[in-house]
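For reference, the structure is listed below as structure tokens.
Letters are used for the chains, namely A, B, C, D and E, taken in the order the chains are written, and counting of residues starts over at 1 for each.
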């Protein structure tokens, strides 16, 4: 926490743009940003409001009418909480998503580091393959891997799901990180070597801390993907004694025909709570100029 | 034990050759200063010694060991980068502590060494800051600190004091020297500061375009530069050169100005020569001497630099006196004939 | 028209105050050099003038206009950054062309200006390279080039020559001066090089810890430093200080050494004083003079710097002669009493 | 309750702490082994020590199934007998062609819209104090599962005939200006764009996140130098910021192009390819799970894989040029 | 208290069935019902676990087709899955389902109607059992309905629809937007129209592929659907409105004030979709689907998933036997979710009067269930059928091509 607060620099726009024209521009920026996030948030706001409305109202009038005639109820939330079995499902979701995320980030860093920092024959081919693998449609991987998992006894286990999710996200992770690693000034690696750091130590003490912003980005993405993944946990958890992940329950709510959508909307908000906490808590890694002051040139 | 010997080392970046075969022998505990014009390959050479740059040809030995294939981290070398290369995510203290941690020193020992270095470098109040919160000179001192807290076999310094003020630089200079006296570590030091080079070096290596022009003790370089390039490069302002030829026992420039020759010169009459005299070896004549037209007077406080025209050549003189002459006036100067250098048509110094 | 005036300017980074109210008046076309110890706030001040740093207090005026609220791009200022700040994705030529393109200059004109600047800076063979492919000094020259191709109202230079060798630096110095003569542009120049400061400046501003200590012409600073700090800061090696008091018409140091006072001094008997004498104003006595024990002899070629102990004070002398005395020997020195500075207990120079 | 909780904790500790430690130790052991070897040999082997785990994992999870798929693409529906390139012949005929057309619309519109918006968002957010809030909001859609997303967008796009009250947000908005409601998901062309917009809504957060961390890494002093050179905000952006974050832009662009190629969920959930919105991956899903035609499905997958090659090559150029400079 | 009594009976039945089977282990069940509905099923399964010591691991998901297909192909199917009948038949054809005939003995005949049994058999072997069973009916709001009272003749509805249309009232609610399943409500209307015009035999032939989709009869059913329901003036929101309205909110118009439509022809779940605003008997009620040919008024189609076993082990069979048993289905009925398939479950067991009414009208008396495309279609044809409904609604003129398209998937 401390370093983030100390490092928080002035945003670029605030420096030196204070003339009347600059002020006008500043207001324009605020206007655009506010309008933009309002627009982006609107669908979610609609959902949020709808989650507090009785089904009958949702079906017959737009969500905005609530501002004129506020009829709100928490029933949907009570129903959703009842059906989501938040406790156990949340546990499963976390047991899947947290290790998947961390392993994805770590292994991507390792792979990207090797691809960027080490020269070896086959590097280009490997990079090519990496990008090509990004396109693999998940559907075609299911059957061969299920077979494999059965053969080795991984099916029905949570580590099997980690393995899948990490493996599937890895090419993207490496692809994302390699660009960042390439931008770290060469001299920093070099001074670490001269200081007597081994490759591994350089990686841990220099590269990892410097890559925090991009690792946080990847972490957020990997977490969201893992968290929202339906098919893989369903398929690979088959027969496991654990509750299905919370999003599987959530998806189930859409399908059911006896309560309308109110509880689904409520459940959506409940299931988004964890990712939002994550996003907010990782925000502090997004600081300007993590490399500032390192080298001149 | 920790001598460094560089044999026929070459380096090219793709098609561009930047080091064309350099030989330097550095003894254990020697303080060698590398000088040369910007871009001549000093940093590249240091980087090759450190093991950061592939060696395109030749051999580098540290101690008895050929290190061409030894990785940087195993060479036990500390280097101050020209561009600092500080760890931006670490505080000043952590920047210095990093190598010590890797060596496995315990915290008390580390803290002691860091406190000591910070003290020397005037960084004590900034130990908790991050590099981006420092001024240029402070960053440079951190880079310096990172090197001196270690106890390596060889120190490499790449213009480590260039962003410091004169006063601090004098202090740092003596700190580095006393460090070297204490540790007896071999040091290779790149600098553009003449005083630094002259006062610190056991040996100065003058480079030019990827080649060594001369390697010798500071005073030998100053007194007996091997060629015109070294003569011009060592000493600031630069040595003055006047083209001409020998007429009897004197030197006559191409435009007819007669200049005294040192007594014991073996030159043949009529020989084409370049006459070299350092600005500080011109004295003001009391009416006698060679008439020179003042072009520019630049007092520096302690001295006065004067640009003069003698015949058609422009020469610079540095005088302890305050010169009051204005532009266009004529003054008389006397070259110290015992300090004259003569260079042949091949630019080499005549013995 | 393009005078710059700085009134009571202050700057703090959060709780840290780095500039505590600075006033400087710079006339149109004046060449002002900022000097001061590393970290005293020179770069910060330049950045505030350029509009890159918010001004925490006070006012900066360029020409008639208060620019506190004018954005950097509208101030028409060129700056050479201490850290270069080159555009890494552009070639050397493009780095220089950028501002010209923005001004809407056509290609021929741009190319001409770039070719000219590259010529001056010795960058012609490197125009197509990227910053990464340059040596430290070459990068610094590109940064320089980026500024001089423009024709701004004000130039700001932050140690623009620190990574150049002495010879190149002398050349650059005169190029900058002739640029200034030609364009008559106001220039503010930060340097740690004493010679640069003394020879280039119309006015030198000495800063210390975010305050201006003295602003005056170079020679006035050298000859009449307002206080001990300035006296020590200007001139290298630094002025020697000896503590003591007046006894009759002479100065007696605390450990009993008697030193001559300038003839026309108005001091009262017994007054506590600091006696200041610059190293270059000590001469070797022929047997007479003050005995001093040699501690360290550092020949620089042109001169010899000698560390001496007089009583218990350590003083440095710079002599044109080659000193052959060894450590521990005693020599005799004569201070040039007309060049002695006296400072009161408040560190201020006595009139 | 305590029992499953214990399992969950155990799993999290094992996966998030245990395995990383093992990986670290393994790397350490690998490095240790390398250090025993001659330097050159060590240098040659080192990349493979580091890449061992990532490659093994990718090989298992991706390359192995891809190879299996290459095989089944030459076999019949039940993967029982070899039929040569028939599946490919089928894939390049008839109904597939219209589908490919839709993917091309996606391929053009989606990456461009996303990258442009993401650049704008990342740049503008960088200039305001409430950036964390703004960033969280653009990321929110990513956090909402697709199932819920479909509910949201059905609400947004809902259509009632002109004259009746509109429940759908967009049509109600149009109504404010007296415009006729649009059947967003049904009217040809509009519906593809509507679907694309959902994808943009969902993915923008990620694109913005990546670009924002790239923008934050552009040297401040360099930007200041540009301002002093007289560059306005636009110019700073286009001449300084953009070229410096180009690698990240390429990453985003590539990711989005690939997302456009393999877009599935949105189409499946919103229209299931009705109204002329079908896309390749949806067809793949249909062939695989509804029609149970493994041969067709595999052929489609292989074609998708090959269609990514040009993008891969573009990236290789970029990698190369990074390595050079 | 009642529920407890039913539960006890179910437990006892499970004990009886599982006699001789070792406790322990588990049965993995994948179904389509999740949320509260899944919970209901799990309540019933819990009784089985309690009695036998065999854990039932139930997962409910919409992606059941993909999951079951993948797991079968991977050789790792779940023990039991609730899937569409058509898919089950395909699997039975491939010999992937467990033969339950022996396990059940003649219990089945006693518990299930003839049609249900027939559809759950292939080649004379029983491969699955039904739990729930949803018939179709015409829903209306007694407060606002202006049409004929429980008509048996389809034409009465047609005439009334036209009349109301002239007066500017669109009487039908027929929302079709269900994402990946869009069009299936329409398909079921077409099925109803067909069955009640051409009768169960032809309907079964259509379902089994003997009667081609391009036949006159099928075409007529589509056209009738288009004429009567899918006219801009007949259906709430017009055709485009019906296409774009999600089914989850598309039937609420029956009970809103003012009501935006008067009838809808769909399954027993309609009140559930509307939610708690629907008060059976008060603002929502139903009558059976009228027939074009009075001879076929008594034939009804149904919608249900079928539970099939993939693994030939005692626990699986015992589980399937249990869920088919009268006590288990009685217990399920008492939980008040949906009508159950077992005909021996008394209608009084349902707490809800609506379910009681459905049970008594459809599961006893003169109703003959018929199976056609609605339950017999395989996944590919089913999906093509739903898409065809959507296409037809957009381009009624293109019907021949559309039907030919579905026909193509049956090969």
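FYI, a residue touches a chain if its C-beta (ideal position, glycine included) is under 8 Å from a C-beta of that chain, and two chains touch if they have at least 3 such contacts.
Protein names from UniProt, one per chain: A = Carbohydrate ABC transporter permease; B, C = Sn-glycerol-3-phosphate ABC transporter ATP-binding protein UgpC; D = Sugar ABC transporter permease.
None of the values given here were measured: they were computed from a predicted structure.
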{"item": "Interchain contact steps from chain A to chain C (minimum; 1 if touching)", "value": "1"}
{"item": "Per Cα centroids, the chain farthest from chain B", "value": "E"}
{"item": "Remotest chain, chain C as reference, centres from CA atoms", "value": "E"}
{"item": "Centroid distance [mean C-alpha coordinates] between chain B and chain A, Å", "value": "54"}
{"item": "Chain A and chain E, separation of their C-alpha mean positions in angstrom", "value": "39"}
{"item": "Centroid spacing, where centroids are CA-atom means, of chain C and chain E in whole angstrom", "value": "91"}
{"item": "Rounded Å distance, chain A centre to chain D centre (Cα mean)", "value": "12"}
{"item": "Residues of chain E touching at least two other chains", "value": "66, 70, 73, 249"}
{"item": "Where chain B touches two or more other chains, by residue", "value": "71, 83, 133-134, 136"}
{"item": "For chain A, residues that touch 2 or more chains besides their own", "value": "9, 14-16, 59-60, 139, 143-144, 198, 230, 251, 254, 261, 289-292, 296-297"}
{"item": "Pairwise chain contacts under the document criterion", "value": "A-B, A-C, A-D, A-E, B-C, B-D, C-D, D-E"}
{"item": "Complex contact set, residues of chain D against chain B", "value": "38-40, 43"}
{"item": "Chain C residues touching chain B - in the complex, by the definition given at the top", "value": "13, 35-39, 42-44, 82-83, 122, 133-138, 141, 158-159, 162-170, 192-195, 198-199, 218-219, 221-223, 232-238, 278, 280, 298-303, 305, 318, 320"}
{"item": "Residue ranges of chain D touching chain A (in the complex, touch as defined)", "value": "1, 4-5, 7-8, 11-12, 14-16, 19-20, 23-24, 27-28, 31, 35, 43-44, 46-48, 50-51, 53-55, 57-58, 60-66, 68-69, 121, 124-129, 131-148, 150-153, 155-156, 165-169, 172, 201, 204, 206, 209-210, 212-214, 216-217, 219-220, 223-224, 227, 233, 247-248, 250-251, 254-255, 258, 261-262, 264, 281, 284-285, 288-289, 297-298, 301, 304-305, 307-309, 311-313, 315-316, 319-320, 322"}
{"item": "Residue ranges of chain E touching chain D (in the complex, touch as defined)", "value": "65-66, 69-70, 73, 90, 177, 179-183, 232, 237-238, 240-241, 243-246, 249, 379-380, 382-383, 386-387, 390-391, 394, 409"}
{"item": "Footprint of chain C on chain D - complex, ascending", "value": "219, 221-222, 224-232, 235, 239-240, 243-244, 246, 325"}
